[in-house]
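Every chain is named by a letter (A, B, C, D and E) in the order it is written, and numbering of its residues begins at 1.
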Amino acid sequence: MKDSIKPFVVLLGLLVLWHTLVIAFDMPGYILPGPVDVAKSMAENASLLWEHTLVTLSEMLLGLLLGVLLGIVLALVLVYFAALRPWLLPPLLITQAIPVFALAPILMLWFGYGLTSKVVMTILVIFFPVVTCCYDGLRHTHQGWLDMAQTMGGNRFAILRNIRWPAALPALASGLRVAVVVAPIGAVVGEWVGSSAGLGYLMLQANARLWVDQMFAALTVLAFCSVSLYYTTDRLLRRFIPWQPETSQE
Amino acid sequence: SGNKQTSNNKQEKELKELTLMLEWFVNPDHGPIIIAQENGYFEDQGLKVDIQEPADPNLPPKLVASEKVDLAVYYQPSLIHGVANGLPLAWAGTLVATPLDGLLVLDDGPIKSLKDMKGKTIGLNIGGIENAILDTLFEPYGFGAKDVKLVNVGWNLSSSLMSGRVDAIMGAYRNFELNQLAIEGRKGRMFYYEENNIPPYDELIFIANSKKNDKDAIRRFLRAIELGTQYIVNNPEKSWKIFRDYSPKKLDNELNRRAWFDTISRFDLRPAAKDAGRYQAFADYLQENGELKAKVNSKDYMLDF
Amino acid sequence: MFDVIIQDASLRFGNHCVFEKLNLTLKGGKWTCLLGGSGVGKTSLLRLIADLPAGETDGKILCQDGFPVSNRIAWMAQQDLLLPWFTVLENITLGQRLRRSWADILKRRPILPPEVQDKAMSILEKVGLTEKAHVLPQTLSGGQRQRAALARTLMENRPLVLMDEPFGALDAITRLNLQDLACELLKNRTVLLITHDPLEALRLGHDVYHLRGQPAQLTDAITPPGEIPRSLEDNNLMALQGKLLDRLRHESLLEPLAGEQ
Amino acid sequence: MKDSIKPFVVLLGLLVLWHTLVIAFDMPGYILPGPVDVAKSMAENASLLWEHTLVTLSEMLLGLLLGVLLGIVLALVLVYFAALRPWLLPPLLITQAIPVFALAPILMLWFGYGLTSKVVMTILVIFFPVVTCCYDGLRHTHQGWLDMAQTMGGNRFAILRNIRWPAALPALASGLRVAVVVAPIGAVVGEWVGSSAGLGYLMLQANARLWVDQMFAALTVLAFCSVSLYYTTDRLLRRFIPWQPETSQE
Amino acid sequence: MFDVIIQDASLRFGNHCVFEKLNLTLKGGKWTCLLGGSGVGKTSLLRLIADLPAGETDGKILCQDGFPVSNRIAWMAQQDLLLPWFTVLENITLGQRLRRSWADILKRRPILPPEVQDKAMSILEKVGLTEKAHVLPQTLSGGQRQRAALARTLMENRPLVLMDEPFGALDAITRLNLQDLACELLKNRTVLLITHDPLEALRLGHDVYHLRGQPAQLTDAITPPGEIPRSLEDNNLMALQGKLLDRLRHESLLEPLAGEQ
C-alpha cells in the first residue's frame, strides 16, 4: 500500500472499530455516540468548532513552544549546574505530582482567566517529559567526544552547541513526542478550570447539556489535532536527526 | 404492602436493594436521604439503599440511563436537557422544591442592582441554562447574556469571587456559598432567580430510568424521604446531630451547620407530588429562550405513581 | 620549541597499578615514538599528558617554557571520535567551531573563514578524502575514518601533538604517504606517537621508547640517526630494527603474552 | 554537605519558600494556606490521610506495574511487527489526546467504581511515555550489533534479550522516570471521576467544602509519594544500567 | 571442507560503484588473505559474503556442498562490537547466548554449560585476557578489546570465518602469538582475512589477493608455499613480499593515494 493512503485507511479502520464497538457493546448514544451521529454534529457545528479549535490550538502551540523551551533550559541548568541539581529536582517533581486542578485557583489568581493561565497549564503538563529526556540525553554524552573537546580548548557553549546538544537530540526527540501528544490535554484541562472559549469549554458546555454528540465532536477534533501534531513532529524530528536512522528489525 | 408492620415482620434479607447516586458529595441538601437512612425509614419501607457519591454531576443521569443505578439525585433543568437529548430519564420525586441557585455578588462590591452587571464578568460552573437565565435577568435593563463575559471557573466559585477575578458567580447555592462567604468574613448579595422573572423550578429531584423502573420501590422510597423531611422540619437541632454523625469527619463543620438550617425550609414536604404544569412551564421557558432544540412534553418524563 | 617533561607520573585503576613514578621528556620540536605491548598503558600515559580523566593519577607535566600544557595539545585518540552529525569537513574543522568565541558569534563572523576552509580542503586532499568532504562519517570505511581523524588533528595546529596509533587501520602505501604528510605538517612540533609497528617508530621517531612490564617502565631511548621521515632502505634502520625487535621479544620471554599482567 | 541531609534541607527550603510566598503575595487561606496550617491539618487528620494514602498508593503502584508492562509490550510490538505500526500508532495517540474525563463514563461503565477503573486510568496516563521512550530506544540499536547477532544465528527473542533490550534500557529509563512521576496524577484523576476512597477523593471532598488546609495536606502527602517514588526509581535504574555512567560536566 | 564461491558480486552505494562482477573462490579449509587500499571495498565484500545489509548488492554466494552460507559463518567486524553491558566472558560467549533455544530456557539448562565455560576461559587465557574475564569491556585497552573480539570469533566454531583486520591494534609480538593461535584453532576452516600488513598476509594466506581499482578488481592470487603459519625467516616469503609490495606500489602509481577514487 502506498504510504500516503495509509493514514486514511487507518482513519477509516478506526471509524469502523468505533462503530462496531458501539454496536457490539450496545452502547447507548449518551455514553458513546456512534461515528455517524458525531459526524452529523460536526457538520452542524462546523463554524462553532472551528472557532473554539483556533483558541485551543493557539493555547496549545504557545504552551508547547514555551514548555519545550523551559524544559530544555531546565535540562541544561540541571546538567551544567550540577550543584543546583539536588535543590532543583524536588520542586520540579512536585509541580508534576500536584494535579493541576489543585493549583488552578492559584494559577487563576496569578494569571487570570485568559490565554496565560491555559498556556501555563500546558507548560506544566508538557515540560517534565522534555526535561527528563533532554537531561538524560545531555548527561550521557560519549566521554571520548568530551575529552576531545576539552583538549581542543572549546568553550562551554560551543561544546554544548556542537557536541552535547546533537548527542542529546535523539533522547530529546522522545520527550518531544510525548510532549506533543499530551499538550492538548494541558490546554483542555486549563479550559475546564477556567475559561470562556476553547474546545475544553465547548466540551463542558456540551456535557452540561448532555449533548454527547457535540462533546464527542469536540473530542474528535482534539484527537485529530494531537495526532497530526504528532506526525508533523515525528517527520520534523526525523529530518533533523538524520544521523540516527532506524535499525533493521531482525 | 409498604407499611411498617409488614416490613417489620419480614426479615432484613428480604429488603429490596436500591442504589441511589447523589449528584455530588453528601451535604445538607441531602438531609432527608441521610435522615431516612439513619432513622431506618428505608428499612421500614422494605428497602436497602446504597448511597453513592460521584464527583461529576453529569455522570448520574448517564448511569441511570444505562441502568447502572436505580435512582439518582439530579437537577430539573438538566433533566429536561437529558430528555430533550433522548436519554431515557424521568422525574421520580422532588428533593429540594425551589431554586437554590442565584446570581451572587459581593455585598461591598460595585454591583448594587442587576443593571450594574452590564459588561461585567460572571464566573460559573456550567449548568446548561445560563444564557436563558441571564437574558431574562437583564431584560428589564435592556441588555442580555451577550453583554456580560462568562467564564467557566469549575469548582472554584467562591474563591474566584472573593479573589476579585470575577464580579459575580452563577451556580452558587444560597444555602452554601453565602455561608461560605460569611465564614471567610465576606458578605454576599444574591439576586434570586424566582424573584426576577424566571419561572420557578426544583433544584434537586430524583430521577429514574423512564423505561425500566420499579414504581413500587420508588413509591416506598419517596415515602421514606417524606418521613425524613418531616423529621427534619420537626426536629431541626436533633436532625442536625444525626446528619453530622453520619460521617463526622466529613460533615461536622461550621459551614454544614449553617447550611443545614438554611436548607430546612427548602425541602419538599411532598416528594412524590407531581406538578406537570410547572414542569411544562419551565421546559417551555427554556425552549423559548433557545436553550432547548426540541419541545419536550412533561407527561413523557414524569413517572406516575 | 619547548620540551615537555613528565615527572613521576603514576596511574592506578583500583588495585591495578598501570605505571608508577614514570619519567619521560618529550624533546621540543622532535618526534617521540612509544611502543609497547597491548594493555601496557600507552593510551593511559597519553591521556595523562593531555590531562584527561582516568583512574587515580599522580605526577607532574611540565613545559620547559613554564606555561601549562593545556590548550597547546592536539590529541588523536585510539578511536576516531568522529561526530556522526557532522560531515567529514565539519568534523575536521571541529576545533575551529569549538573555539568560536562569543565575539565571533555576535559579529557574525563565518564559522569557517575562507582560509580555514581552504586549509581543511587541502588537508583533506592530502589524506585522500576530497570526495568524502561532504558526507557523514557513517559512510566511511575504517581507514577513511582514521584518515579523517588524522586530518582533524593536523588541522589543530598545536605545538604538542599526541597521537594514538594514527596509522593503524591503513594499508602500507597509504600509511607511508600519510607518515610523510604528518612529518611535513608537524615539522618542528613536539610529537608523541604511539604505534605498534617498530619500523614506523624507527622511521618517524627521533626517540623511540618501549613501555613494558607491570607496573610499566620505559626502556632507554633508541635514537635513530638522520632526518625524519627516514627511508626504509636505510641500513642503519635495519640494524636498529633488530635491536628493537630484540627488546620486544625480550619482553615476551618475560611474560607468556606481551603486556598482559 | 552530606548527601543524606540534602533532601531534608531542600524540604525545609521549600517550606520556607511556601511560607514566604503566602506572606509575600498575601495569599488568602482559601487559595493557598500556609505550611503551618497544613501541618496542623495533617496532624489532625493523620489517620484519615494514612488510610486514604494506602488506597491511592495501591492504585498507583498497581497501575504503574501494569502500565509499564503494557508500555513495554506495546513498544516491542511496534518494533517487531513493523507492518502493524501505522495501524497501531494512531489509536495509541488518540488514547492520549482524549482527556480521561471524557472517557470516564465509559470506563466507569466497563470497570465499575472499584480499584479497576483507577488502575486503568493510571495505566492510561503513564503508558505513553513508556511506549515512546522504549520504542525509540529499541528501534535505534547499533546496527553493528544486530549484524553480528544475525551472523551468529541468534533467535529473535535471544537478540532482544541480550542486545536490543539492554541497548534500549537507558531510553526506557527516561520513560520510567516520567511515568513514575505522573502516576499519582493518574490515580487521583481516576478517583475524581468516581470513587469512595483515596487521596483524590479526599481532596475533592475537602475542596467541595473549602477545607483548603485539608486539601493541601492531601496534596502534600501525594507530592511526597511522587518524590520518593522518583528517587527510588532513579536509584534502581542507576543500579541496573551500570554501563552508562554520567559523563563529565565540562 | 567446502569451497565458497562468490559469483559476479556487485555493490554500489548510489552513484558510487564499489565493485562489479567480482569473482572469488575461497578454498575449503584454506586461508585466503585480502589486501587492498583504504576504502577500496574489502569490508564491503566481507559483509556481502556474510549477507549483511549494505548498498545495492548483486551476485551469488555459493557453497560447494550446496547448502547456503547462512549460519555457517563467524564474522569479526572491523570494529570490535563488544556489548557494554556484558563482561568480557559474557561477550565472548554471546553466540551461545543468542542461540539458546526455547527448549533450553524451559528446561532451565545453564546459559553456559561447563564445557563452554571451560573453552571460553581457555581461549581467554590464550589471548591473554584471563584477568579481564569478569570486567566490562569499557575498561579494556584498544588491543584488549580487539583480542576479546577475536576470542568471540574463535568461540563461534564455524566452518567459514570472515575476519576484518583482526590483529590491527596489536603490538608485533602479541600479533604473532595470536596469528599462531588463530591458525591452530581455525585449522581446516575456510578463512577470509582482511589485513593491511603484507607480511601477515604472506605468513597466513594460502592465497593472497589484492583488491584494487575503481570499481575494484581482484589481482591473481599469490600462493606462498608451505604450511601456515609460515616462519618470517623464510627466504621465499621475502621474495614474495617484494612481489606483493610491487603490486601495492603499482597501484599507488596509478592513483595519487591508494584506493581513493
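One rule holds for everything that comes next: contacts are C-beta pairs under 8 Å (C-beta built on N, C-alpha and C of every residue); 3 or more make two chains touch, one makes a residue touch a chain.
Note that the coordinates shown come from a computational prediction; the quantities given were computed from them, not determined experimentally.
**Q** Give me the set of chains touching subunit A intersected with the set touching subunit B.
**A** The common neighbours are D.
**Q** In whole angstrom, how far does the Cα centroid of subunit A sit from the Cα centroid of subunit C?
**A** 49
**Q** With centres defined as the mean C-alpha position, give me the subunit A-subunit D separation in Å.
**A** 16
**Q** What positions in subunit B touch 2 or more of the other chains?
**A** 62, 66, 159, 163
**Q** Quick one: which residues in subunit E touch 2 or more of the other chains?
**A** 53, 79
**Q** So which bits of subunit D are touching at least two other chains?
**A** 31, 101, 105, 109, 143, 150, 159, 192, 207, 244, 248
**Q** On the basis of the stated criterion, which chains touch which? Give every pair.
**A** A-B, A-C, A-D, B-D, C-E, D-E
**Q** Which residues of subunit D touch subunit A once you look at their complex with the stated criterion?
**A** 3, 6-7, 10-11, 13-14, 27, 31-32, 79-80, 82, 86-87, 90-91, 93-94, 96-99, 101-102, 105-106, 109, 128-129, 132-133, 136-137, 139-143, 146, 150, 156, 159, 170-171, 173-175, 177-178, 181-182, 184-185, 188-189, 192, 200, 203, 207, 215-216, 219, 222-223, 225-227, 230, 244, 246-250
**Q** For a test of understanding, state which residues of subunit D touch subunit B in their complex under the given definition.
**A** 28, 30-31, 45, 48, 101, 104-105, 108-109, 113, 191-196, 201, 204-205, 207-211
**Q** Once bound in the complex, which stretches of subunit E touch subunit C?
**A** Going by the criterion above, the answer is residues 13, 35-39, 42-44, 78-79, 127-129, 131, 139-144, 146-147, 164-165, 168-175, 177, 196-198, 245, 248-249, 251-252, 256-261.
**Q** Can you name the residues of subunit C that touch subunit A in the complex?
**A** 47, 50-53, 70-71, 73-75, 77, 79, 81, 83-86, 94-95, 97-102, 136, 138, 156
**Q** Sort out for me which residues of subunit B touch subunit D in the complex.
**A** My answer: residues 24-25, 27, 52-56, 59, 62-63, 66, 68, 155, 158-159, 162-163, 180, 184, 249-250, 253, 255-256.
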